[in-house]
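Take a look at these structures.
In the two assemblies presented below, subunit A is common to both, partnered first by subunit B and then by subunit C.
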Partner chain A sequence: MFNYLLRRIYLLCITAFVLTLIAFTIEHLTVHTHFRENTFTHYLNYISAILQGDFGYSIIDKKPILATGLIAFSSTLELCLFAFIIACIVGVPLGIFAGLYRNNGLDYTIMSLALIGLALPVFWVAIIFSVLPNAFGWAMPIDGNISPIYEIPVVSGFLLIDTLLVTQQYQFDAFLNHMIHLILPSSVLAIFLMSEIIRLTRHAITMVMRSNYIKAAHTKGLTRRQIVFRHVLKNALPPIIHQLRLQLSTIISFAMVIEIVFSYQGAGIWLFDSIQQGDYLVLSTAILIISGFILFSSIIIDLLLVFISPTKRKSLYADQ
Partner chain B sequence: MLINNEFNEQKIQSPLQYIWHIFKGKNIAVIAMWAIIAMLMISIFCDYLMPFPHSQQHPDMLLLPPYWSDGANPIHLLGTDDLGRDTFSRLLKGIQLTLMGALLITFIVSILGVIVGATAALMKGFKASIMHHLLDALLTIPTLLTALILIVLFGMSYENSLIAVSLSLLPQFIRGIYICIENELQKQHIIALRLDGATNLRLLRYGIFPNIIEPFVTLVNRIFTMAILEITTLGFLGFGANSEQVELGSLITKSLELFYLSPYLVLFPGLAIFLIIIIFNIFSEGVRHSVIEGED
Partner chain C sequence: MSADKLTDYHLLMRFILTYISLIFLSGCYQSESTLTNSLIYCADKAPSSFNPQISHDIATLDATTHQLYNRLVKIDPISQRFVADIATHWKVNENKTRYTFFLREDVNFHDTSFFSPTRKLNADDVIFSFKRMLSTQHPYHSVNSDSDNYLYNHPFSNLVSDVVKIDDHTIRFLLNKPDATLLANLAAHYSVIHSQQYATQLLQAGHPEQIDFKPIGTGPYQFKANSSKNIIRYQSHKSPWQLPANIENLIFDITKNSTKRYAKLLSGECDIITNPASSQVKHISKNSEVSLSSQPTGNIALVAFNTKKSPFDSAINRHALSNSIHLDTILEAVFFDTALATNTLLAEHSWAYNPRITKISYSPAHSLQELTDNKFNFSQSLRIIAPVKSSIFNPNFYKTAELIQSNWLDIGVRSEIVLLRPSELDIALQSGNYDVYLTGSSPYIKDPDNLFRPLLSCNASALEGNSSYWCDTKMQSILDDTLLEISFIQRVKNYYQLQALLQAQRVYLPIAHLLRFDVFNDNITGIKIDPLTGINFHFTKKNEPIDMREEQ
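What follows is the complex of A and B.
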């Protein structure tokens, strides 16, 4: 286990090094100012600045760009998390049904819904969703992530936590306000995520249902419900998590598009505004923040997989 | 000499013919195929099919609804926009740019991806590990971010957005092909071929490529879907086609402020994107199923 962790961290270091090279190249091509230095010393300076946490200052508001970027990206993560929860609540049961009753009317309905969810362009759905509540006569906020009347001091960057910290001042109003702002963007993202989860779950469940230990469980005389809860779900989980890990960057890029439509103050709108105003320093910073997050989370998910599935653990020992 | 032609009627079909034979039996997939052919024809002969030139303005007929609602003019099938330009013609022109761009991207990405992926899978040692780590790093960057960066580097235009999208989708495809070939290389018949002394090219041609058609179709379909979504997203954000060129994503942006006056201007381009993607998905699903059935 410890060896495996060490090896993963070693791989992470190499990938992080390549990432800094890419970020440096972009920085060098777009906002290069030190013409006297050669490229190598410039790279060394860049790396040492990054290691000290100095990513440079934005030319728009003269604030340190790392802090702005981290706050923006944490809003994006909140959106993704919220959407993920909605998608899991709806998608996993539907996927299980589709997998259990394969080639059935129910299966075809669910799978066509999933196909439609994957084929809809995200920004178009976001536009439609921003108009729909108005058409039904509901008052739903469609811009920003919190009403501007609340002054929330930045403590952790995550608004869900920060709004809970100011309960003395606003009770739970700020928190609820933020939640209401989150509903529409996250349900748009959830449509995409849900169809992905349904597809993955159905595939995993069908694969598990074909295996021999399910036949053995049948011969043991277990009921269908017992088999599903005891054997199928536990064994179907690892491939789903593994595939979702690969989809993480797609999910984040969809989230960024949705943010731009809803003008939700996240990484998407941060990048979009800065690029339009010519502040190209955000590009290399965004690469380092977002890809760094994806790298770390992929390692954590790998470790989680090793914990929950013994078969992975076996293949891991064989690897060494 | 005995000629027994009448007993030789059962020919053994080639694998491709066999797959085509199975594919013909799937009604929905065949309909999707004809729809794809129709869309291709539309986008090739778009200039002759359009009832009006896509930038011609009709100042007396602004913001007309489509023909089935009140106050419409049947000359303009799907209505007009705020400058009196025919929506139907603009949709056809938009389908041309988006669909052709996406097909071009899919073609280039699949050729480059197969070459690079096969080389990476068959290489060993230092070069392979450089390749591997570079791919690992590139895969962690979200595709939209990559596309935005490349757009900033190259400048904003439709052609550059195509280049940016194809470069941002390339790592995914290479990784997919790489994993397929890697899985295939573990199998017994590849080892047998290797023991026969087959060169790498022969190994690829006879051992690997015939066996990875099914994941290849899935990958190409995925790349095509992502390409359409990315092109339209870049057009929507204003980084793609300029105001002269009509592209489905930029059509939506331009009519966004007219949403409450004439929602059809936003609805139709979105529906067109949706239809293109779903038809191609159904077609590739049919191809995939017939390949699987053909292998059994």
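What follows is the complex of A and C.
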């Protein structure tokens, strides 16, 4: 286990080094002002500043970029999480149905819908979703994270938590308002995620259903539902999680595009506004924050997989 | 169908039903429009500062003039007369060169997290506010202001020689010469009163620039915060000297996209929006759930002919070429009927508007004849310049230019369109290297001199407004004489004469007078919109939405 972790951390260090080089190049080419320093000294200074948490100050609001970036990115994570929950609630059952009724009318319908979801450009769906509620007469908010009426002090950076800390002032109104603001952007993101989850679940279920132990369970006289809940789901889950891990960066990029359409104050809007106003230092910081998160989370997902799937445990000892 | 499959289908149906019922839960959501102590105004632009003395754009005026500040006098919206605001009354001497103002003694400044006043408003505050504009020696004179553009931005500099304190609540304006526009200038947006005590505190702290970004005034709302997320917060004045505002929290939400602003109004995220897309105005006016307010502004879209160069140095050519432009098409295609067709520079609602001047008629055949008779050189190509970006004068300069180009091509006159960025435009205007310039004019005050002088005075440069390079001694003397004229009737007569002369010379071709549009939900009442000084939320009231009242 320890060796496995160590191997992962080695890999992390190398990737992090490459990332700092990219971030440094951007910083060096765009906002570098100390022309007397040579590039190597500048890189060392840059790395030592980063290690001390000093990513510089924004030229727009004169606030530390790291703090602003982390708050913005936590909003993006909230959006991804909310979308993931919606996608799982809808996508997993549909994927199971599609897998159980493979090559059936139900399967074709579900898969067609999933393919449409994958084929639609995400920004277009976002624009359509911002218009649709009004067309149906629903008063759904289409702009921002929360109504400006609520003044929420930043404590954790996650609005879902911070709104719960001000219940004395606003009761649960601010929390509910934020949840409602999350519905449309996360639904758009969920469409893409859902398509992915349906495809992956269907494939995994089909594979598991063909295995001998399921046939054995049938012959034992277990009902279909018992087989699915006891054996199929448990064994279909690891490949789904593994595949979703690879989709993490795509999901975050999609979330950032959706944020711009819905003016959702996350990393997407933060980057977009900063670049528009020529605050290029934000670019290198954003690269480090986002890619750092993806690196760490992929390690955590790997560890999670090891814990939930006995078959994966062999990777602890395998020579990879 | 097997029993297993049957139960699966039941499960699926149960699933679908649960999702549908979840969607209906969104009906439980009550939008922000139900909170009656907070008002969200969705503006199209962020203010450039919080001081209308240094920023004259309408976004700044909306965010400041009536919300944060008061002036010595103001214009009564109904009678259009000057009435007291911070001043209780005023006296004028016989020569009309000394105006003495008597101030109220109960005016409180805002008490905020960054400033707590220890005294009420007095003559020092008024003198500080005006001296900042007038005196180059004033410590705040150059703070946050662009020195190159200084005279242009400050009409007081040529008008007032000094402002003196008589006692704590009496001040006197000494004029260079009698000038009928003083009161109009004092009621203008740039005559707001700041706190001298706050300015001194900032100067001691070494941050004088904050005076225009963390403002302190006497208006019905006080500044609370301006976040980088395009949200500006105000709260009602804690110890108001006038009637308190009905709204406790006033929020400016800057939403740049006009379609999104309208969508936010419909979803209840905004209570009031400004400047809807010209193309949507017709649709909005048909929506019974919202009210559309349209106000004529002094802003005018116009075509300036460069009279220093051939062919526009000839009045016949100017007439002929302007009569070959079909203004109705421009109005329909560019402005989507959000502007009023016009024949003159002065808006019809102005007291000096001359209704008897000749109208501009579209007659291309006649224009062609006139040009041929005047030996117009049809082989030359006219250079039409226009700004790249749309402005308050014109939502689409390029389309306007294209329509003019096509009209002229119909009578055999060729032209090229050149779109320029602001810095390039300044260079082109200074060099005079153009024949036609698509522009506009937005007067600060209702006095006609404020419109005519920048456009027609020999002393005004092309950058200041005289992009036709026009200089005519007769018009100049009318302009100067009218400024000194005390008799109102004579002033009206003079402006009538000026407009007749202008029409005969056709120095500019007016395209349209623009309207200001604001849209608000039906539960909002008491909004006052002054096209010159901005929106006023002092007496705005937000009632509960009609459907909620019915439920109760």
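Keep this in mind: the second predicted complex is superposed on the first by the 317 of 320 C-alpha atoms of A that agree within 3 Å, B and C clash if a C-alpha of one lies under 4 Å from a C-alpha of the other, contacts with A are read in each partner's own complex, and residues count from 1 in each chain.
As a working rule, a contact is a pair of C-beta atoms (placed from the backbone, for glycine too) under 8 Å apart; a residue touches a chain by one contact, two chains touch by 3 or more.
Just so it is clear, the model here is predicted, and its values are computed rather than measured.
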Quick one: subunit B and subunit C on subunit A, clash or fit?
fit
Should A:Ile214 be classified as contacting the first partner (subunit B), the second (subunit C), both, or neither?
neither
When the two structures are overlaid on chain A, which partner does A:Ile142 contact: first (subunit B), second (subunit C), both, or neither?
second
Under the stated touch criterion, name the partner, subunit B or subunit C, that contacts more residues in subunit A.
B
Quick check for you: in the superposed arrangement, does A:Val131 touch first (subunit B), second (subunit C), both or neither?
both
Considering only touches as defined above, state whether A:Ser291 meets subunit B (first), subunit C (second), both or neither.
first
State whether A:Gln265 touches subunit B only (first), subunit C only (second), both chains, or neither.
second
Quick one: is A:Phe123 in contact with subunit B, with subunit C, with both, or with neither? Answer first, second, both or neither.
first
Touch check for A:Leu160: first (subunit B), second (subunit C), both, or neither?
neither
Subunit C versus subunit B - closest C-alpha approach in the superposed model, Å:
5
Touching both subunit C and subunit B, counted on subunit A across the two superposed complexes
131
Touch list for subunit A against partner subunit B, complex:
11, 14-15, 18-19, 22, 26, 29-30, 115-116, 118-124, 127-128, 131, 249-250, 252-254, 256-257, 260, 271-272, 275, 280, 283, 286-287, 290-291, 294-295, 298
Mind pulling up the subunit A residues that touch subunit C in the complex?
60-61, 63, 90, 93, 97, 100, 106, 130-131, 133-134, 138-144, 147-149, 151, 176-177, 180, 183, 223-225, 263, 265
In the complex of these two chains, what residues of subunit B are touching subunit A?
133-134, 136-145, 148-149, 152-153, 225-226, 229, 232-233, 236-237, 249, 252, 256, 259, 263, 266, 269-270, 273-274, 277-278, 281-282
List of subunit C residues in touch with subunit A within their complex
4, 7-8, 12, 15, 19, 26-27, 29, 31-32, 35, 38, 40, 228-229, 231, 233, 249, 251, 253, 255, 260, 263-264, 266-269
